[in-house]
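Quick notes on the structure that follows.
First chain written, first letter: the chains are A, B, C and D, and each begins at residue 1.
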Amino acid sequence: MTQILTTRMEAHPSDSHTLGRYEDTGGYAVLRTALAGMQPDAIVAEVKASNLRGRGGANFPCGVKWGFLAPSRPRYLVINGDESEPGTFKDRQLLERDPHQLIEGIILSAYALGVHHAFIYIRGEYPRPARRVQRAVEEAYGAGYLGRDILGSGFDLEVTVHLGAGAYICGEETALLNSLEGRRGEPRIKPPFPAVEGLYAKPTIVNNVETISNIPWIVGNGGAAYDAIGPEGSRGTRMFSLSGHVNQPGNYEVVMGMTWRDFIYGYGGGIRHGNALKAWIPGGASAPWFVEEHLDTPLTIDDVAKNRSMLGSGAVVVMDETTCMVKAALRVVRFFAHESCGQCTPCREGATWLQQVLTRIEAGAGRDIDLDLLLDISDNISPGLAWPPAMTTICPLGPSAVSPITSIATYFKDEVAAHVHGGGCPLG
Amino acid sequence: MAEQPTLVTITVDGKPAQVPAGTLLIEAVKAAGVHIPHFCYHPRMKPVGMCRMCLIEVEGPRGMLLTTSCTTPVADGMAVHTESDTVKKAQEGVLEFLLLNHPLDCPVCDRGGECPLQDQTMACGPGESRMVEEKRHYPKPIPISDLVLLDRERCILCARCTRFSDEISGDPLIEFKGRGNAVEVNTFPDEPFASYFSGNTVQICPVGALTATPYRFRARPWDLEAVESTCPHCSVGCRISVQSSRNQVLRFMGVDNGPTNQGWLCDKGRFGFEYLGSPQRLAAPLIRNADGVLQEAAWSDALDLVAERLGALAAGGPDVVAGLGGARGTNEEAFAFGKFLRETLGTNNLDAQLGDGLDARLLAGITARGTIDDLERARTVLVWAPDLKEELPVLYLRVRRAATELGARLIVVHPRETGLDPVAAHTIRYRPGAGTELLRRLADGSGDLAEARRALGEGPVVAIVGRPGAGDDPRLAEAVLAFAAGLPGATLLPVTRRSNVYGAADMGLDPGLLPGRVAAPAGTGGRDAAGIIEGLIAGEVAGLVLLGADPVADYLEPARAAAALEAASFTVAIGLFLDESAAMADVVLPALGFAEVEGTVTNLEGRVQKVNRLLPGPAGARPTHEILEDIARRMGGSIGAASAEALAAEMAATAPAYAGITWEALSWGEGRRGIVAPGPAGSQPLVHAPEDHAPPPVGRNLVLHLARVLYDQGTLTQAGPSLAKLARPAAAHVHPEDATRFGIPAGATVRVTGSGGSVELPTVFDPSLVAGTVYLPLHCGASIGAGLEITMEAVS
Amino acid sequence: MTWDRRTEDRAAAIVGRYPEKRSAVMPLLYLAMAEDGYLSEDGMRRVAQLTGLSNAQVQGVASFYTMYKRDGVGEYLVSVCTSISCMLLGGDDVLDAVAAETGVADGETGEDGLFSVEHGECIGACGGAPALQVNYELIEGVTPDHGRALCRWLAENRPAVVRGDDLQERFGGRRSFDWGPVEAGGATGAVPAFGPLGTAGEGS
Amino acid sequence: MGLFAPIAGFGVTLKQMFRKRVTITYPKHKRVKPQRFHGRHVLNRYPDGMEKCIGCELCAGICPARCIYVRGKDNPADAPVSPGERYGFIYEINMLRCIFCAMCVEACPTEAITMTHLFEMSVSNRADAIYTRGELLMSPEGEVPHPQPASKLIDLDELRQADGWMRATASSGRAAYEGVRGWTPTAGAGHRPPERGQSEHPEGEEESD
């Protein structure tokens, strides 16, 4: 079984986060080699060759994104550690258990991109990971991996750890940049993309923690080696956060390509109490749900997309037969309504309205027309209810709130009707 | 001026259209004749694409893309659909979302009847609400300043107001608060939205979330009558819509005149309409009776008396009488006043200013006079002038825009912090009275001024020059203008505050000028304001005609002015109010004012604009030109003022710079934006050489910085209840170092003694003030004259 | 509003860490919150001065984020996750149990100022669901009984420093992943960034 | 020419003599007005005494004769005159100009203004024909003031006869609500049910909430 990101933390559970252990296990060796002998372009080339796709949710090829970086300077690198999507906790593990791997990735990426100031944006509810990363950054400064003239290469890099304060929307890259600039975390209109006008209107690359944590391995082993792992379009390993009604929840670093059945019943150890599977969310709260018929779909970015959903942030939430689908949908919609930044009318008003209607249905006060109403509200947020979603909003948070609605409307229409006619949940 | 934009071809709903390149789709499509509904988009602000109302479909490589037309720039060959089913559905959806929480306040909402949300709901909204849940509720309305009320239930969160106060006016006192469905616009607790520009947010609010107290519930939009006119409050000449109901002016709205105000107004302009309907307006002539009391009289008696007394005085020889004023009315009134004084009374003692502005010959005669719009192209802007935010607020907005949006380098020279300092690249302080030395150093680029000097070497340069304080020597401004004229690509904007002081100068209300920017022939010189006042005191001048001027309050040495009026053997005051000077006059004649007469005015660029008539005015008041004509006729002459229009025609025919600027030309097409009267050709040498006259900073000596503030004790401000309460009490602003030197604790009362008297005032510490200086706001109820040299001592 | 010398120095260091001082708003708000126990108006005013923003703008930022508590919070802020994964495994019951034990309803602060209770949106502990945080110190695998016991223990022992590892040991269950070594650090209030030991963003 | 020819000539006259007369002896007798009769206006109150008029001026805006003058004002917070922010501070109708078209009634969003059956309002002075708020607004007891006292010529009881059609046609009224008391009765005493038979739904209009 190939592991890239989690080897060290599994082998050294007690001190994988320390500089000593990191260096012992070959850490910063790649950095030394790269700073001594590699041109920045060569690193970019390796990343491009690796076909590494962003792990934050959009799965955009990392090398391509780097290629968009505008030539003007200064430029910034921002690490998105604002992991807040329900079901996702992989970055927390990477931050907490192997921060130096991330820092080495940052230094390599910054060197490759000509960046001299990088920011690590960690969500506010993660004080422990933030403390660990901060300590690791201090260790790295102390050891000469950060600061002026890193390892005598003449390359300078400052890293600032920035703590969020409880706003999921700041995981959206432009909202994150606004937040980092000290503004309200409202997404910006794109274009211009951050690679052209990002932090302080300067060219900026925003990458996910997991994405950048892969960089030391890719630079060390070559992009081709990474590209050799896993099926086409889903290269490399990937951290999946498995939670919900499975026997063995947790983070799993896997090579993609297996079926969902293998993943849920293999890694997850099957459904609790031997219950039947009812549905699962394949890629974080914003992804449309899968049901039994998708169990034999291969777990790759493209196969999931073909089935009108997404791997997103790699969070798999499994629901068994005892789960009320209306309640589950409401809980997800409530999240998005709560986390809407409030800029765009359809998301601000629509998500709350969806929540209100669902609340009514769940409480047994639904009307026959309510499901159609829900779908029409959804249609006004995400016209056509197509996949990938069209949107009437600036960022995809609006359409995210629609996913649970279309999911229950597609697969659990009868259950919704039973709520309406039975005056509440038929499951009791 | 009108650069032809390059055109690109796009397809709008299947029809090809030629639209200007580089514009946003929403504007491009408008140019093609298609209106797209929108709320958050405002052509004078950066687009944010928040309301999502302006969604349209654009054909792209990956099929039709629904996108906001306010954020998408137009590109050649673009095909857009504004009326497809998808677009209609999306727009209807957005409107439904907006209306979910919008209260059904339309019948009581000030916006009802002129509300974009109402209009667009009628045009493309759903018929009925599908929401059965409770709407969002907030206490309503809450006052967020003395002038503005906020109703958060009505707010659709388009951020126009917050963006205006952040981007345009630079005082972000209102902001979004909260997140998601709980977002609201609000101020910081206990920190009101006390912006000089708050009224603009009321005007641009697309719903009735922000309403203005002076207009609240006074009328409904459909019973308003309106004319376009020019704001009467300062010399920027903002274009306004004057709106009235039942013969009462109820509000001024900004009209987007690109070259001047771009749609914005200051709150003094916007809410400064109340004086017109003030019960204190003069409504009948007053004659001082045998007991020395002013008593109402018939017009014929009053005019007879004036003609008789003035005639008797004028018969005594030339220049025995004098005229002051004319800087607040129309050009036609100023022209008539000049003719009346020069031809009927045979005097050259006339001045529109009261010694507090710039030399009228400079105003009328300056070459390379710029326009406000030059700021759009300026590389460097030099402001050596009064605090524009206090005196010419909309010019402040334009300069601020140049500095923040257009990348101009701004250099501000002033004795203390001005509103522009936060956006200035260089701020230079100097002691009042020591400006010549500073100018020399700036011209040399010596020492710490090197950077600023280098910036001034990069043109085009716009120089905005005036007297920063009333005590500053007007000759310094001339010297600064002379220096600035030599800068690369320089255009010059001399500034002074009274609304039509430029027009008055152009109409020859100065001993050295004849109408149309013509220098008076040598040897015809009369007295200027200071000369008139001293002449009255000395008994060399006996009669005085005041036209909308109040020297007793406004002359920089009020005591001298009072003495002059005391000494005059006959004074007639023509005006709107019984101000301090009128109260000392022998005859007071009520005149019609703004919105009651038609005419033209000239702003600080020399831009001539029309003012229009909407109201009859008080029954007993008459137009100024008629009053003057009637007096002239009684004296056996005429000034040919059969009507204001006849005067205008005479001006257009005889005053060189005003040739062809007729009412007709100003009323239609491009002329409605005003016509800039052409300046003199060639270069006119500036008149005076300045010299420093600051007393040396020794012992307990200080210099005085006396400057205007927006809301003061002026007659027009005080006659309107909304603005009157905003007037600031006077205070002595002292540098903390000086306070220490004089042993003055914070908040202590001091006695300040100057050339014209002595007052006791509370102190305010002002570290931005140049040391050795005391700043007093002008016209705030405490006057010590304008002499630079003053003394200060602690009282308690 | 005056901060002591140490706090002012810290504030200056924070401002110095960013290319533009406006960026320091968020960490400074945490600092202001740590000063007063909640985000006071005076605190926001001071942050505005330090960053060159208007007070209203600082309020606009502060009110956007849920972790800046502009009303007073109790000594222990208990945030029970009720997002989808925790909900599936009984997060609502834990919240009910916590509310019942402390007598403080969701979103409220008790009269004695000991507890504030809130439901949280996903706190990244889905593998150990249901989970809760006390002053943002995480405890995973919490049953309703554990939740009650936890609150009782807090009320009885009133620890000055809330240590996540310690609470996890006493009241936690299944974890999302192996947490590694026990941490000495903990939270001294409802402000995550400025614990007594190294703080996120400090130093460097 | 027959004997009865002269009498036959009176045939029509005689026939009429025995018919019921159309003419009534007004003002001794008064005709019952049709339910939709447009008489003089009243301004109504809610049962709790609050005025219904909010001073919105929609009546003045719609009035084709331009005979209504309304001005609103802020409701005093401690003693509100009407619900909400604004109340009708000035309310005047020039009855000489009024054409009794009832557009004001239709425009009114709160059913504040309605018409009664009283049409007797002769005046001897044009100024008296301007009905002010004092003459239009009914008292909290449901009485409506009138410039003239009750007399042979003026039957003030007709002030109580409020229009029945209004419910069906006013902006917030719908025929579907016939017989359903959706708001307080007009003119305090206008207890008459709306006219029957108004509520046949137009084609395609569906019953909704």
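Assume contacts are C-beta pairs under 8 Å (C-beta built on N, C-alpha and C of every residue); 3 or more make two chains touch, one makes a residue touch a chain.
Model, not experiment: these values are computed from the prediction.
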Contact-richer chain pair (by C-beta pairs counted) among B-D and A-C: A-C
Chain whose Cα centroid lies nearest the overall Cα centroid: B
Euclidean distance of C-alpha centroids - chain B vs chain C, Å: 52
Inter-centroid spacing, chain C versus chain A (mean Cα positions, whole Å): 23
Chain centre separation in whole Å, for chain D relative to chain C (CA means): 66
Chain A, residues touching no fewer than two other chains: 167, 184, 338-339, 341
Interface hub residues of chain B, defined as touching at least two other chains: 176, 178-179
Which chain pairs touch, all of them: A-B, A-C, B-C, B-D
Residues of chain A that touch chain B when the two form their complex: 167, 184, 189, 337-346, 348-353, 356-357, 360, 373, 379-381, 383-384, 390-394
Chain D residues touching chain B - in the complex, by the definition given at the top: 54-58, 60-61, 71-74, 84-86, 109-110, 208-209
Chain D partner contacts - residues on chain B that touch it in the complex: 105-108, 112-113, 128, 132, 140-141, 216-220, 222-223
Footprint of chain C on chain A - complex, ascending: 9, 13-17, 74, 83-89, 92-93, 96-97, 117, 122-128, 130-131, 133-135, 137-138, 141, 158-168, 179-185, 200, 241-245, 249-251, 281, 285, 315, 317, 319, 323, 327-328, 331-332, 335, 338-339, 341
Residues of chain C that touch chain A when the two form their complex: 17-20, 22-27, 29-30, 51, 53, 60-61, 64-68, 79, 82-85, 87-89, 120-129, 133, 136-138, 164, 174, 176-181, 183, 185, 187, 192-193, 195, 197-204
